[in-house]
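Each of the next two complexes has chain A plus one other chain: chain B in the first, chain C in the second.
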Partner chain A sequence: MAKEQLDVSKESFNLPASWGNVWKICAGLGLLGLAGAGFGMFSDPKRAAFSWLFGFYVFLAIALGSLFFVIVQRLVGAHWSVTVRRTAEFLASGLPVLAVLWVPILLLAPHLFPWLGDHGHGGGHDTPHVVGQLEIVPAAHAAQHGDAPKPADHAAPAKAPAAAGGHDAKGGSHGAATAGDAAHAGHGALGDPHDLEHAELMEKKKPYLNKSFFMIRAVIYLAIWSLLGSMFFAFSAREDREKGVAWTLKAQRWAPVSMILFAFSLTFAAFDWLMSLDPAWPSTIFGVNIFSAAVVSALATMIVVTMALRGSAAYAKAVNTEHYHDLGKLLIGFVCFWAYISFSQFMLIWYAALPEETPFFHKRWDVSIWSQVSLALIVGHFVFPFFFLLSRNVKRNLGMLRLGALFILVMHVVDMYWFVMPNVAYNTGIDPNGFAPSWMDAAALIAVGGIYFGFVFYRMTKYPLIPVGDPRLARSLAFQNA
Partner chain B sequence: MASSKKKKPFAYLAEFDTTPAVIHAAEKLRDAGYSKFDAHTPFPIHGMDAAMGLSDSKLGLLVFPVAMAGTATAFTMMWWMNGIDYPLVIGGKPPFSLPSMVPIMFELTVLFSAFATVFGMLHLNRLPRHHHPVFNSERFAAATDDKFFISVEADDPKFDLEKTKKVLEGAHCTHLEIVYDDDGQTETIPLGQAEA
Partner chain C sequence: MSYPYLPKKELGEVPLAGEGATFRSLTEAVARVTENPAPRGWWIAFLSAASFLGVMTIAIGYLFWTGIGVWGNNAPVYWAWDITNFVWWIGIGHAGTLISAVLFLFRQKWRTSINRFAEAMTIFAVICALVFPGIHVGRTWYAYYMLPLPSEMQMWPNFKSPLIWDVFAVSTYATVSTLFWYVGLIPDLATLRDRARNPLRKKIYGALALGWRGANRHWQNYERAYLILAALSTPLVLSVHSVVSFDFATSVLPGWHATIFPPYFVAGAVFSGFAMVMTLMLITRAVYGMRSIVTMKHLELMNKIMLVTGSLVGYAYGMEFFIAWYGGNDYELFCFKNRAFGPYAWAYWTMISCNVISPQLFWFKKLRTSIPVMFVVSITINIGMWFERFVIIVTSLHRDFLPSSWGYFRPTLVDIFTYCGTLGLFFTAFLLFLRWVPMIAIAEVKGVLPESDPHYHPEEAHADHHHAEPVAAEAEE
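The block that comes next holds the complex of A and B.
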């Protein structure tokens, strides 16, 4: 297949003029979303906290998956990916912005994480170790503290007084109060021995799950990501100007240690910010689960973003069918990986049926319409994309591939929603129905996404869209799938 | 050329010294409308598929249904054995439980598709085959060393002793011979005399 060779030195790989203002649109949307989310944080901080965590993780996953892509390409010295690697570098270089956007999570953490103790009630009834997975019953809890909007609207009228009575009688423990509602929600009732066991468990987790260590760890993760995202971008950007191989070699030298730091920070951040929403629930594979979602979403984002930039003829030649074919292969591979990991986590919990492990799936199957959301994930995040992307012809058809990538991005949003939102009813006492989407979810999504992509597209106005100084660029341009 | 008339030729075997030359020759044959020709090279050459005008491999069309058959086999097997024929309660689960079947369905899908890939590949390559006429040529051993060959089979509808020879000569082959199928013979064709 004789292709005309692209003369890099003669072409411009700057952002097409029509894209020059896209970052402003993104940033504007982001600020609008931020205003909405900010309003939500003052009017209903409990619900807004979960919305923000959801919106934050949707884009954190994309940025971290991109960082992984950059590091792994550097690690193996890949040449096929050089032209698309710059897109991943742009996306990963937005990590410092996400570090700033993490601040609301810090401020709202007491609403999110039951183990943080004060729980935002200011009352201090709840000792940290009692507040856990199952015994917080939305209606009963809200009735007790009287600060949630009209629990009687949602709960059976007879239930609330009874539950509150049980609560008083037990003087601080929620055990008896939960029986009715927990059964109603499809859980087995928890008796006193379970409560004690739970308290003991939470006490054991205290050396890890406490406020100061939590903050120290968060700062470490965010510092690592910001540093790595900026560093790998800088290596590549310096090379644009200075040519030669020095910065490529430097990036290669940093790649192994970066990969180790990345793996640990992503895993423990997933433990801290998502898994500890239900602090009694353990899953050692949880970090890998989030990692798989991150890589899937990052590859899909790279496909969508690079396709949008193909208006520039030189760029369309530099990032061509061959590169999309490989991105498509990676995408379907990681879609399978996501399904494999998610199913592994599910099957072990399902088979063992241990009471401390099953609540995660009870919340996502037996409550409200979460089973439909779970089914939608199985079909939309695995079955459909798998069969859709299986054919070589689809991966090499840019329109089809973009369609698949867009669809996967939508499912990625659902996936992150599925991770965060089932905890709302248990941790806050609001949304006793278990599934209650809020306008704040959309606001947070737009806020984080707008600001993040505003930054990414702003960067794109300042740097070439492909690494014009990379020593492997020529091989990437000439790359062909055999 | 009188002797070659008696026996039925199997193919022309043209020898080349460089990869660009053999790619170029393949392109010439493709453009001349030949379809039953093959390239024999010591290593894979990028772009050869396109130069020969080969379409995408049909292997996927074979593997996919077999893989789905693997999934279905595992499902049916587990459903029959665990659910109907000999129901056993294991771990308090219902005898017919989909989650416990998924790993087997996955494994048989992989196993069936691996078999389909390997044996399908052999079938599409018409293997196993104990002998191939091009091995009659003594020079052909260099195809695993430092020479590049193209064989144009006589079965090709465009094949013609004179015209095909001209095409190969025009592609600057360094050596040309006719390979016969029946008695292990080859005949070297002198180059540069096609016009004569």
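The block that comes next holds the complex of A and C.
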């Protein structure tokens, strides 16, 4: 208990000098990635669109999860978290940068969203050649694994497309190439009753899934996030200078409304930018699913970033084992929450086996090596981190905790890849094998990550690393887990 | 450096315990209820609750004698009040464990004044809930088939059925909640034992206190056990109502099959559980003079939780409705339109106004600190949550896929008597609890008084350190 009390007024909580240039390195890497991704966007815009969406969502999730952390700490008036809250504030204040980085998605949207493409009006279906290629996907996969009975389904051009069940039960999905599609491709996709049904479905969704409303909504989400991220940062930064309680009270007053705006914007953005990649697929829990991923990634990022800054002795005292222990507890808690939500979504869809719902998991299990990626997520995003982080000793051992957080961050990248990429084959037909990582994925990840973290670390050079004026800071510094 | 944990007035923080609460006044206020003769009001309440319990016994006896046909359930509405009541009671049983486990893990120390009360309520609510699956199977003497007992007839439950998962989930929950409640009770039972003058009373409480002496080692084991039970109970809080939601969501029935059901049901359960705690707490604290232990601060925080969970439930309603349209499934959309504008629109709008609109009053500090308002809203929420289950169950069933088999469910008198009867069961058990068990966790509330912190040195006490013991010990009433 003989913990030295830190005298905040006498210490400096500025970024250690060795870190002063890190933002430049990040930004440089980001620009390099941007050049690569930009080259990709011109040479292969279809594939590059998916890469960018993936890279964008990896960091959007981190920033939104951090925004949630800030709002929720304000909402409940927490004191343990005051010192680490600033890190989340830095991360959330990068949201305006992400709003700018959203522009490529807008430009490439017709390649991403089948309901938005030029060929998408009314029919909303893929061009016939894509249908033809898609047909190869499951069959090739099955053949690869020496899975005899399934290819038989495909080999016989089904007379009744709806009967191509089982392995290929893609039902009403967009791009759902039943065995019949290949046969029909020659005489126009719309001749197929299946396609007619699909066109009708897309027509029904048009009031929501259309270009102008899509853009209006996107602007609203990005404006809300940029505003909230900057606002909560400003409240806290003003308090650094002015002390007192006025800005804390202001932040607490804004927190409830912000939480509601946050919940709806995150949900509908997930519907718009991820769920509608397969416009026929609905899931009521999808917003919560993306939310859970966002919070996990934000907590892991906070752990990694704060540990990196421990070079400063004062900072290392202000953000100490006690805070890491709590961040670790939250991390394992939200890892479980992620698993709970993901499992709920999977189990209910699997159990009911409705044709409009199963394509989501079909794409992520029956096609190419996606089942291995799915398994990797189950093990790497839940089973392993759960057992790893269970022990109190691990959560209080900084090296171990950092290892766990880094591992979870890698799995977060895989998670976002899993959400975006299985749609490539279905929406564009350029990856007939269904799983084809591209160098552009890495370029987009580096571009978005570099620019975003460049901005975050640049801000860190300008502001103290902990909220030195927060009225609850003393409690956070004295905080101990029982 | 000064003690940092004193509430900061300028941030709107107030102490957890009311003015004048001391170690002694706490023990007195709580233990006295079990020691003094029961007031007349208690007897009136107890006898009326017991007579409702009698009504339940008669209604269920009649059901056993005659058969399930005495209820209003009939094609196409095979599930109606029975399952509605089951889910409603299970939901009410969620507040206890949430308060004692989840809020414990989140270090929400205000929970200490209400956790005992809420945990007891949980156990009684689960008992009421368990009545319904037991009796709605029709041939109740075969109810044991629900358990996977080895049988020479090779009759096993269908492990792929969510109904059997329910049996496991609810029985696990009942077991762990009871253990948790009992473990928390041990130090307080020892207090009652030590205060007892009557030898029989001393023997009974002494046996129940398991030899508790308040030794350092006892406390250490106790805290460890409490933490482990809290960690075990936390996933249970989520899992029980998730599994209950699977009863519906694994089906392909429009209005039942939605992926958001598990977290949505959990939020609704916590919502209704808090509402019930609030209703009962408001009466109890007034009758037994517990205002300095359960303060306005506690009530306000509970109202905030109701606002949060009510809004989560509203979010889920919104998602369901939006996806019903967005999904483009005609049957799904019909089901939701039918809920809002069909023959059961009255039930749907009761649900919306009680669950989504009424808690929004708590946005205003004036309203969430007004006892009459919170009393009315807490009852409204309980009504609304009953209607939520009724709407989900009955409106999805009553207009079947074949319009020729459409119907309209009406409860019979037996339905009504059975339901009101379980309220009698609940209140009977609850009143007995108030009478014989310390209704507030004395030891835990003492733990959150500032003077229990070894580092507590209020500025003013420094000058006069030897007289730090507050003199207002007897100020209570």
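Here is the rule we go by: the second predicted complex is superposed on the first by the 407 of 482 C-alpha atoms of A that agree within 3 Å, B and C clash if a C-alpha of one lies under 4 Å from a C-alpha of the other, contacts with A are read in each partner's own complex, and residues count from 1 in each chain.
By our rule, a residue touches a chain if its C-beta (ideal position, glycine included) is under 8 Å from a C-beta of that chain, and two chains touch if they have at least 3 such contacts.
In this text, all values refer to a predicted model and were calculated from it rather than measured experimentally.
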| item | value |
| --- | --- |
| Overlay on chain A: chain C relative to chain B, clash or fit | clash |
| Touched partner set for A:G287, first chain B, second chain C, both or neither | second |
| First, second, both or neither for A:Y351, with chain B first and chain C second | both |
| Partner with the higher number of touched chain A residues, chain C or chain B | C |
| Which superposed partner A:S391 touches (first chain B, second chain C, both, neither) | first |
| First, second, both or neither for A:V383, with chain B first and chain C second | neither |
| Chain B versus chain C as contact partner of A:M215, first or second or both or neither | neither |
| Contacts of A:I25 with chain B and chain C, given as first, second, both or neither | neither |
| Chain B versus chain C as contact partner of A:A313, first or second or both or neither | neither |
| Common interface positions of chain A, toward chain B and toward chain C | 347, 351-352 |
| In the complex with chain C, residue positions of chain A that touch it | 5, 77, 80, 201, 204-205, 208, 245, 248-249, 256, 260, 263-264, 267, 271, 280, 282-288, 329, 336, 340-341, 344-345, 347-349, 351-352, 354, 356, 471-472, 474-475, 478 |
| Contacting residues of chain C [partner chain A, same complex] | 1, 4-5, 8, 10-13, 105, 107, 235, 238, 242, 246, 249-252, 257-263, 311, 315-316, 319-320, 323, 326-329, 363 |
| Footprint of chain A on chain B - complex, ascending | 44, 46-47, 49-50, 56, 60, 64, 91-93, 99-100, 102-103 |
| Parts of chain A lying in touch with chain B, wherever the complex brings them together | 1, 343, 346-347, 350-353, 390-393, 480, 482 |
